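Note that the chains are named A, B, C and D in the order they appear, and that numbering of residues resets to 1 at the start of each chain.
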Amino acid sequence: MANRKSKLCSLKEALDGIGDGAKIMAAGAHFNNIPMALVRELVRKRVRGLELIPTPSAGLWVDMLIAAGSVSTVHVSYIGMEFLGLAPNFRRAAESKSIAIDERDEPTIFHGLRATGAGLPFVVLPPIHKMTDLPSVNPKVYKEIQDPFTGETAIAIPPLSPDVALIHFAKCDEYGNAVSAGGRHMEDIIAKASKRVIISAEQIVTTDEISATPTQTTLPGVMVDAVVHAPYGCYPGTCPGLYAYDRTHLEEYYELARKNRTQAYLDKYVYGSDGDAALLAAIPEGRLESLRIV
Amino acid sequence: MECSVAELMAVAMSHELRDDDFAAVGAASQIPVCALRLAQKTHAPNLWYLYGGSGAVNSKSKALVESAADYRNLFGAEYRAPLMDIIDFEFSGRFTLCFFGGMQIDQYGNVNMVCIGDYEKPVVRGPGTVGTVFTSSFRRVVLYVQHHNPRLFVPKVDFLSGPGFPQDAAIERYRPKFSEGPVSVVTPLAIMDFRTPDKRMRLRSVHPGHTVEEVQSQTGFELVVDGTVPKTPEPTAEELRIIREEIDTTGVLRRLIE
Amino acid sequence: MANRKSKLCSLKEALDGIGDGAKIMAAGAHFNNIPMALVRELVRKRVRGLELIPTPSAGLWVDMLIAAGSVSTVHVSYIGMEFLGLAPNFRRAAESKSIAIDERDEPTIFHGLRATGAGLPFVVLPPIHKMTDLPSVNPKVYKEIQDPFTGETAIAIPPLSPDVALIHFAKCDEYGNAVSAGGRHMEDIIAKASKRVIISAEQIVTTDEISATPTQTTLPGVMVDAVVHAPYGCYPGTCPGLYAYDRTHLEEYYELARKNRTQAYLDKYVYGSDGDAALLAAIPEGRLESLRIV
Amino acid sequence: MECSVAELMAVAMSHELRDDDFAAVGAASQIPVCALRLAQKTHAPNLWYLYGGSGAVNSKSKALVESAADYRNLFGAEYRAPLMDIIDFEFSGRFTLCFFGGMQIDQYGNVNMVCIGDYEKPVVRGPGTVGTVFTSSFRRVVLYVQHHNPRLFVPKVDFLSGPGFPQDAAIERYRPKFSEGPVSVVTPLAIMDFRTPDKRMRLRSVHPGHTVEEVQSQTGFELVVDGTVPKTPEPTAEELRIIREEIDTTGVLRRLIE
């Protein structure tokens, strides 16, 4: 009997094969459960021309990759820093036209992903977008269609298919069976729509631990291509159930970003390090412990 | 009893809620979260509510955290809604009330979250429309903002991301039958509504310490004024006690709006 | 401060308002998690002309309601008795045309419910049904449509909206927050699509017990209209995590049904009883205990 | 070693599975379930599999229960897939192999689960098409039946619920690009496939104790026969040991087919 192959690998190995122009999606909502360790590695990779497909509520990771010069296009539903304000690098890049914007919104991104994940050719929404300016600025995405059952007008939107999805979990096994301590948000929706799924986790556990409670597995390993062990992989954001966001560190990022000095942040915390070693070493003593949720 | 503007707004917003509502709030929403919890603890014990990003239904968190997406909102919650539920509820009319903000709001209740200035050459690029399209499909929408000035309250939004009341029947017919659209606007100065024949914004009440003239001068279009405008009722002592002892135990709303 | 209203009521009260011709959906897959206590009460109600919308894999409850004379139409994906064979009353009624059949299949029922639950006007499937005889026997459900993005042919199906959904859970609180011990199957999909949702549960627990683990709630009470305490509510089927199906009893049903003597079964176990009292009294000593899963 | 027909079928079906497969089975599927588990324990350790009704992924249950929908299949499983996942995987080509049965199977691999006789006046009303439409969208389909006779193997199915190989290009173009259609048919008498120019059913091997003539006489259409038809390989001692000691510990497959 042969052995089952482990999907466990390093940050660097996990991102192998992501080239210029790839379509990247990262999970998370605002500062919650963003796969920052994987995003930082992507920054270090210095790829160019990425097309970002953020979740309906994103900010930090998009802003950072824009500052790193890796981005050519962003699908926009909400790109901001929630309670901190607008996303400075996104705002500058959008106003100066140094990135292209594919203007969408929450239901369009969600149902576009659903179309791919569910194997549906396209999705039809009720015509409420016709009450807004969205269809006029993005006519290739919002197409009028007639309901064959009622004759009413509806809106068709196309499938959305990221090349690579990045998702962080509280724990997983080496085959990619993964658990979100804060419950499922849209990890399954993202993974189903994506050609390649890379996950990181705070803790790598045995498959026996996973299969003791199969109803609590958030994402099955059959949908996962690579697994990385990344403690504090959501930092400076929140990892639900394990640690809270670091407001001080987020403010440091935000202030530098506002002053168009994100490069200084990246030099200090991201570049020139193997993985997150530089970042974790630079965080003041006791800070990480203070964020932990008991 | 002395109360802060944010507390006054939260109490006013709680009065918009009914016992049979299923209400939702999005990100960074301490005032609406307080309104929801206060309503549930006073006149609307059967109210259900959901905090967007965290999916928490009927959270019982005793502190107002900065983010509705914060996992800590799951404390005491009865359900964790995945995003699919939220979007399903938004399209299908299951949410009966939602609180929404905006970078710009115009005289017909249209909301803009996308840009100030021309879309192709924006002066300010906003965060994006998120779920503001759903102002057309929540049964009732309460708009609220933490500022009240003519840059925010404009005659016509630069980008229409959240529909108010279109003045064109050909557009209005796209609204789902169950939707009433925006029913009120709560600001640090006043409460407005759209109870006018043409759905223009009307001044419903002015907060204590402010005047009709001041509100009008801080609004970039002419507000409809019907006779004498009443004062916004102040929170009762019991409402304030519940807020401070059971909901906002760390005093966020006492510091939120200067 | 007013009090929160309990949704707890009797079997009889729960089914109040279900009239002749109602569209009824019951949850469950094969003999798993079927809400039999609620179905038996529906049999006792002696309503007529029901339109049944079973899950993609159903049998016992449909067969029983047909035998009781309550059914005029059945949406069919799979109506059978799984390892026992075909569903005898369904088969007879279908062959003799005493019921009408709305011929569908698993994805059509699922996505029809999704359309209603998600507030979408209709759902578009890839054209694989064109490779089968289904569209030709049910042309009102399967409509050809053109993909506005690719020009390809696709299949549009209409929303499906039960008037009443019946669902059983391992436990719930008096406000309808409910937990499936075997994990979610499609309880959420059914509830979202249905105008009225009636649930039963093995055990009514406190809301504190529910809110101790909100990520494990299967269905939130906001989608529930009535709650019934129904121990052995899935019997003679399985209640996942609690008890297994009773093969002896199922065979008794099946043999009587094959001989067109289901009336004798109903007389013995369903009619003439307040709730399930007759049924539970008629089960041989020790049988129920032997089915329990430790 | 003596083995039962069901065990022989399970072993033959396990050989159809590859190490990179994600396979699925529906209801009442003890033979395919045994095939899946045997493959994972021998040549395909990276195989993933799902049992329909229970949603169990990679179940490690040590007994073959009667129903794939049985909750007890969750024993040792790594995930509990809700029905949505299953239907998503079915449409999107994520399932690479599925085992399917049928009331009728015809010479082009079309499957019927709906009725015997005319649809409007059926002689036997079957259970319905369930998910047999997905014989067109699983990457590979293995058909299997517990009987082999001319009532089951018919020239043309009375109702086409599961597509095999349509002889009309206008129909064939609806098949998703990733789908190969039915690749084999496993019965108590023989194994067939469709490796013929026109995708007609071909006799691949005959089980020990049976003959080509017998198989042909029990089939309602002419099977393609290429030269000498080999015997179906018998299970190895190790395969039988794994089945009896680790998978089918209660001996279901030794009693299943008389």
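We take it that a contact is a pair of C-beta atoms (placed from the backbone, for glycine too) under 8 Å apart; a residue touches a chain by one contact, two chains touch by 3 or more.
Not measured: the values here are computed from a predicted model.
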Worksheet entry | Fewest hops from subunit A to subunit D - one hop per pair of touching chains | 1
Item to complete: With contacts defined as at the top, give the pair, C-D or B-C, that has more of them.
Response: C-D
Fill in: Distance from subunit B to subunit A - Cα centre to Cα centre, in angstrom
28
Worksheet entry | For subunit B paired with subunit C, centre-to-centre distance based on mean C-alpha positions, whole Å | 39
Fill in: Intercentroid distance (Cα basis), subunit C paired with subunit A, Å
38
Discussion item. Where in subunit C do residues touch at least two different other chains?
Written reply: 119-120, 125-126, 181-184, 214-215
Worksheet item: At which residue positions does subunit D touch at least two other chains?
Response: 74, 80, 87, 90-91, 137, 176
Practice prompt. Name, in rising order, each residue of subunit C that touches subunit D in their complex.
Written response: 29-32, 55-57, 59, 76-80, 82-83, 86-87, 90-91, 94-95, 103, 105-107, 110-111, 125-134, 137, 153, 181-186, 189, 238, 240-241, 244, 293
Discussion item. For a test of understanding, state which residues of subunit B touch subunit C in their complex under the given definition.
Written reply: 19, 22, 41-43, 45-46, 48, 56-58, 60, 74, 76-81, 85, 87-88, 90-94, 137, 176
Response to the item:
In the complex, subunit C touches subunit A at residues 119-126, 143, 145, 147-150, 152, 154, 156, 158, 181-184, 214-216
Worksheet item: If you look only at subunit B, which of its residues touch subunit A in the complex?
Response: 26-28, 52-55, 66-67, 69-72, 74, 80, 82-84, 87, 90-91, 113-114, 119, 122-134, 136-137, 159-163, 166, 171-172, 174-176
Worksheet item: Which of the residues in subunit C end up touching subunit B in this complex?
Response: 1-5, 116-120, 173, 175, 177, 188, 192, 207, 210-211, 214-215, 217, 219-223
